[in-house]
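Note that the chains take the letters A, B, C, D, E and F in the order they are written out, and that residue 1 is the start of every chain.
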Amino acid sequence: MVYVTRREVFSASHRLHNDSLSDDENKEIFGKCNSPNSHGHNYILEVVVGGEINPKTGYVIDLKKLKSIIIENVIKKVDHRNLNTDVDFLQGVVTTTENLAVGIWKQLVDKIPSGKLYSIKIKETENNYIEYRGK
Amino acid sequence: MVYVTRREVFSASHRLHNDSLSDDENKEIFGKCNSPNSHGHNYILEVVVGGEINPKTGYVIDLKKLKSIIIENVIKKVDHRNLNTDVDFLQGVVTTTENLAVGIWKQLVDKIPSGKLYSIKIKETENNYIEYRGK
Amino acid sequence: MVYVTRREVFSASHRLHNDSLSDDENKEIFGKCNSPNSHGHNYILEVVVGGEINPKTGYVIDLKKLKSIIIENVIKKVDHRNLNTDVDFLQGVVTTTENLAVGIWKQLVDKIPSGKLYSIKIKETENNYIEYRGK
Amino acid sequence: MVYVTRREVFSASHRLHNDSLSDDENKEIFGKCNSPNSHGHNYILEVVVGGEINPKTGYVIDLKKLKSIIIENVIKKVDHRNLNTDVDFLQGVVTTTENLAVGIWKQLVDKIPSGKLYSIKIKETENNYIEYRGK
Amino acid sequence: MVYVTRREVFSASHRLHNDSLSDDENKEIFGKCNSPNSHGHNYILEVVVGGEINPKTGYVIDLKKLKSIIIENVIKKVDHRNLNTDVDFLQGVVTTTENLAVGIWKQLVDKIPSGKLYSIKIKETENNYIEYRGK
Amino acid sequence: MVYVTRREVFSASHRLHNDSLSDDENKEIFGKCNSPNSHGHNYILEVVVGGEINPKTGYVIDLKKLKSIIIENVIKKVDHRNLNTDVDFLQGVVTTTENLAVGIWKQLVDKIPSGKLYSIKIKETENNYIEYRGK
């Protein structure tokens, strides 16, 4: 079992806001992350795939293909976008990095051509990161 | 002459858009940075002050004070904000990192208690940075 | 299960020295880390909490609260301190990063308001790091 | 159980090429990594050892010793070398980072004087990394 | 005057060797960098352009265009290549980072559409870097 | 003119304290950096040498030699030391990074075998850095 990681970066804006709560509750819970006109981040995404090494290629998964899959299924949908308004797979949830990681997991889990998706890691800032392993 | 740098990070959203141009021209010039609902970045700001070392303190400038000045005059105005709608000193200009650097220079140049403001550096992404030295 | 990490940095001095050994044994075991007047590091601390996402907030744990808990229980006790003389929870042990990680775990494990403490990671230098998961 | 990591960097060249495949198949599979005159990387190697803290030293493993073991058994063999032609433990396999990680594991697993080898991590580029835990 | 930097990374192999010197002299001067079958690096290239801000775009230079120019004139020629054998603009010189920086300067200096090329910076390793400003 | 940088890291402790001031003045000026039993940092030192490229070697200065000079004249004196008590060239000054940079400049300026010392840069923390160019 070898773990292969591909890192991609995307730039997005968002606002932490739960529509089912009052404005005061949103401010109380989310503080400056509830700022009404949005703020943003350079999100650093790491996609980890685990599997056996193919003796012919020496690869668990061809990183060129993994890169294409991530770009097609994730980056094109979130890069230079507003996570609250522009991203189909984040509708109906608060756009925290936790929910973003779970959403990206669901985008990718069925699309990995060799090995298995093992982990989604996201750095929202240099001090805050999230990891989700699908269970 | 010794140069002292203080680094601060802030998270903001923006949209590159010149109101005096047509939508097509904006798309042509700014591409995905013109995405209508904004996107965002973790901006890394470096403020450089140059001056003589004070023999009593060993400082060019007390970095605790420089930090407070940057937070009061810049970070509080841009962090967790939308640069297009929320920041007074960016009204009327396209919110490129170039204009952001010049704007931050103007916010700080008269507020440095010892030494002189020498340079404003901003990293918008890990691949794109700007420096402005006031002339 | 989602893992949330908060990173904090602190600057401390220390000396690797076991009082129950002779000076020669200390020099032999700890080498330059036994230098008598102390040396120091910018320690990079990562605190990892694992738990379920709260659907109301989208959080496993509010990172603003986690930050406060780390600052109150760890950073205030170690930052700009000498780990050998100034830190109550390191008395009686050699101030290696291993013992520091275990000590910080004990400071935090009962104070996490949601989710559970999963891991303490510390980088002492860019080449040496420690991880402790509580067992 | 505490995990101790030592990081070392080495600079090497390589070419992804499977001698049992045709030139066209090699080009198809490995793309630009099959470039005939080799290319290269600054490989970032992390060696993770897990074990109990020795109460006398406060160490799981003396990092000075771990460093020497890594340099003697790995770095001297790969640093400023061509992985395809110069490295005995990579003969007969495609010089992917996956195979490099497994090879380095085998070089080190029997040489750890305290604790046990837990993981080999290698960053080939800032976007591509591999981890191998020996099974 | 504002300075705009674009960062690109490329992976190449090379061997420090001056054909007009004896093998012994080459070994003496270049040490392990003279290793016969080449070694390699992830070179981090920073291209700095200085100029006035265009009030219509807020740009000194469109970074999307600068990126294309760097890729077309530099990255395509050096990435996944051997600097000694594969790169036309390095023929006849020792492939040190110094000569690489001067070579890249010459590739780019006449191709900058707005502003002027100000500096070429290259990190060969995390400890060794070069800057060239064209004079 | 090409600028060559060598980066070295050292770990030291210090206390900001001016003996000619009262304890209250020291606390007022230096705050937590005046903490009595010292604190410490991983200092990142960059030594920049400027000069012409030697056509025989392709070097401005042999970085292996520059490294040795820095280690012999600086690192051996400051690494794993207390800057206040153990470092001859810092006696009689407050051990700020400003004074450290000037002290290191003086240690090195006469020892550079080719090219000329151009700049000393020191990062005390990831947020605070100093540069000194000798005048």
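Note that a contact is a pair of C-beta atoms (placed from the backbone, for glycine too) under 8 Å apart; a residue touches a chain by one contact, two chains touch by 3 or more.
Every value quoted in this text rests on a predicted model; they were computed, and no experiment measured them.
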{"item": "Farthest chain relative to chain B (centres taken as mean CA coordinates)", "value": "D"}
{"item": "Chain pair repeating C-D, as identified from D-E, E-F or A-B when over half of the contact pairs by residue number coincide", "value": "E-F"}
{"item": "More contacts between chains, D-E or B-E", "value": "D-E"}
{"item": "Whole-Å separation of chain centres (CA-atom averages), chain A against chain F", "value": "41"}
{"item": "Separation of chain A from chain C, taking each centre as the mean of its C-alpha atoms, in whole Å", "value": "28"}
{"item": "Cα-centroid distance, chain D relative to chain F, in whole angstrom", "value": "34"}
{"item": "Numbers and ranges of chain B residues touching at least 2 other chains", "value": "126"}
{"item": "Arrangement of touching chains [line / ring / star / complete / other]", "value": "other"}
{"item": "Chain C residues within the chain D interface of the complex", "value": "16, 18, 21, 29-31, 93-96, 98-99, 101-102, 126-133, 135"}
{"item": "Touching residues on chain C, where the partner in the complex is chain F", "value": "9, 11-14, 32-33, 35, 37-42, 79-82, 84-86, 125-126"}
{"item": "Chain A residues touching chain D - in the complex, by the definition given at the top", "value": "1-8, 53, 55-60, 62-64"}
